[in-house]
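Common to both upcoming complexes is chain A, partnered first by chain B, then by chain C.
And then the complex of A and B:
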């Protein structure tokens, strides 16, 4: 049996005395596209960093493709892509140098896809050779996404990847995510506060509250189920926003 | 702003609050460090001077040393912290905040420079030149750190110090040596202090925003960078990057995640600093006497010390450099080219930093010795300067640390630590010379090398036990 891309059991994480993750159990199966939702400070970024082994946990166990994040094999690491919340790119490099740098770090790299994305997302020849510190926040975030997609990961962890993008940039990103990533069967964990984006992309949603996954399921089912529970007989369709407020309140 | 104790006046409590808030930006325990270093340094210098030179000199040093430490803290900690607190919104909207900051900044400077003046008065005649230098350096550097444009004008006394005594006309030097000149300089301190302090802490308005923007640019240039700029810098760094990417050596790739290689920049700065020093000395000496060559040889240890400072600054900057770009370092750690276990990655990083540090030390030392050779140092003089280079070796250990934890010291403090560590060898050498009559340079060099080896060994063990070094500075 193929191990799940993400399996977390009883994961705990505290900052000083404040619990951020509190005995969290979570499983994301192969090919799932999960939108991770939670209020500001709920711990979404911490959860993503812990699951990738980028932060030490205070308890519980985590497995990525069946391996501990503290001792991931080279092959497993080649299957993981990550876009951090804050683009903190190596700003002394140019976009081309940055991509060449990460290309050198991976056994597999799709040059054609990277070139295509650079072209479609507005990186002309001049911009590709401009030091990253001179790019705008949106351009840096687009570059960060291209870098994460270059090695064609099987698990893509996106921490608010569109926060610095304008509406056109967000649309381009969602098109790429749907056509170039999700339709290929990639497992995606995607956190955002822009719920309309999530409704276009995510098949499943998970709500993080009080350090645990408070609710997880198929987006359509959750919306319908919540509506029928609320007013039996009067089956009005609810928005994700209403559900978000009810679950995370 | 609350009372610290029932006996304190509200204004004193506000001063105390602002003092702690300002200097804590340099280090959370800056106040305690300042008190301890002041006490220790005063005790040490006073004892040594009392034994060697007598009571009056010792009293002078007992006053000058703590005043010097406070002036350093004022320049490097209090003023940057106070300008940080004096944001346009705070300066304009928080009642009395700017006024208290100005008063505090001014009182600390006046108190310290006043004690320094009294101490200096006990040590020498003709105070005016030394006082002018102290005023120029403290106010000038503080203005520069705060982001005031044109502050370099105040620092020029420091740069011109080596040649001023030779180029200035005799009547001016005589005038400066009189008590009247000293009195004039002392009388000018309060108005100068008020003028500069008010300029450092403006009350909103365009000038304030311009200062912030200027400081931001300066900090950007320092933090982000020492980034190779200009065509030559980009071309060189691009060439080196292509070489590293072609070889795909994990250590070279990992070191790339810390920013551009600073070794060429450090060596270039060392060479320029050394040549400038030699040039200024040559100019000064040639205008005053015919024995230029002999004077240059005599001043070459100063040149070597200046060159070694560039290495010490580089060594002291390593923790801050590693802590940059921690977000992207997460991606580097997840990449298959990097070791998959924490001790392996930490070891790789530590060795990379060590190799880079040793390379930098070797090249700056070579530059120092080459310049010493060029200005005519031979035999013992040259050997002594080679020994001086070895004194800097223990600072190599500063970069070997638990990088997962944020550097708790500001970069200025780490630089000071680097200088402090480099002084241990000479201190041991001096002690052994005074007590047992052993050769100073030999003892100092052996002590520095043994200390460097012990520190590096101990720090490498620490690195292996530490959590994942990347992303750096994630554990606070």
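And then the complex of A and C:
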């Protein structure tokens, strides 16, 4: 059996003395598309950063494709893509320089796909050669997504990937996610507060609350389950928004 | 709430109805209302997924459930088609049953608004005449 893309057991993380992750157990299996939900400050970004080895944890174990994030092999690192919520790194580079830099780090890089995305997502010649710090928030976010897709990862971790995008940009992103990522069987974990977007692409949702995954399941079943609890006769099922409020409150 | 129309289907994200069930209900209604006839080909899972910007597995799930119900049939090399007997035995009663979930929702909202049945029924009668 191949190891799951993500396996976390008893993971703890404190800031000062405040526990953010508190004995968290979580598994994401091959090919799952999971929406990670939680209130502001619940620790979604911290969870993702710990998961990827970008932050030290205070306890527990994490395995990415069976390997510890502290000691990932180059081969496993190349199987993972990450879009941070906000990145100030490399902002003195131009988009083309940034993409060339990342291309050199990976054994595989899909130039045609990257060029296609740059073209479709509004990066004309001038923009491709403009320092990243002078791009708008939305342009920086689109570039960050393109960068994370270039090496065709098998596990894609997205932290609020559409927060700076307008509705048309979000729709473009969703279609790319479906056509270029989900159709290939990529495992996807993403956090967002835009529940309507999440409902379109996530088959599973996981709620982070009090430092643990409080609830995880098939999104359709969770909405149907909410419906079956309702009084007989009237099908007063709950929307994802109502479910979010009930679970996280 | 956001909605997006495709040539055949439309969905509303953010509704209490899961997207797969919205698709199932729409196909049932289109077949019962003869807008889709026996032998008609459904758009591919991929086309629907990209048009509506939803996960292809969600469309697959809806088509699979409709196949189990006998509304759709899988044909090699063609894809999903409306089953030969689908809709043919549907009387007005069966078709009315398909409207029930929508009316149940309307009834609940009417109660929340404390409207009396006569007002609601006359409004519905008026709406039926408007769209006829």
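Throughout what follows, the second predicted complex is superposed on the first by the 243 of 249 C-alpha atoms of A that agree within 3 Å, B and C clash if a C-alpha of one lies under 4 Å from a C-alpha of the other, contacts with A are read in each partner's own complex, and residues count from 1 in each chain.
Everything below uses one rule, namely that a contact is a pair of C-beta atoms (placed from the backbone, for glycine too) under 8 Å apart; a residue touches a chain by one contact, two chains touch by 3 or more.
What you are looking at is a predicted structure, and each value in this text was computed from that prediction instead of being measured.
Engineer: Who does A:220 touch here: chain B (first), chain C (second), both, or neither?
Structural biologist: A:220 sits against chain C, while chain B stays out of touch.
Engineer: Looking at A:201 after the superposition, I want to know if it touches chain B, chain C, both of them or none. Which is it: first, second, both, neither?
Structural biologist: A:201 sits against chain C, while chain B stays out of touch.
Engineer: Check the residue A:245 against both partner chains and state whether it touches chain B (first), chain C (second), both, or neither.
Structural biologist: neither
Engineer: In the superposed arrangement, which partner chain does A:175 touch: chain B (first), chain C (second), both, or neither?
Structural biologist: After superposition on chain A, A:175 lies in contact with chain C alone.
Engineer: Once the structures are superposed on A, label A:89 by its partner contacts, choosing first (chain B), second (chain C), both or neither.
Structural biologist: first
Engineer: Can you check the complex and tell me which residues of chain C touch chain A?
Structural biologist: Interface residues on the chain C side: 1-2, 4, 13-21, 46, 49-50, 52-58, 61, 101, 104-105, 107-108.
Engineer: Would you mind writing out the residues of chain B in touch with chain A in their complex?
Structural biologist: Answer in residue numbers: 224-225, 227-228, 234, 237-238, 241, 244-245, 248, 253, 256-257, 259-260, 325-328, 330-338, 340-342, 467-468, 471, 474-475.
Engineer: Would you tell me which residues of chain A are touching chain B in their complex?
Structural biologist: For chain A paired with chain B, touching residues are 49, 52-56, 70-75, 77-78, 80, 82, 84, 86-93, 97, 100-107, 131, 133, 147-148.
Engineer: Which of the residues in chain A end up touching chain C in this complex?
Structural biologist: The contact residues of chain A facing chain C are 33, 167, 171, 174-175, 178-179, 182-183, 195-197, 199-203, 219-220, 223-224, 226-227, 233-242.
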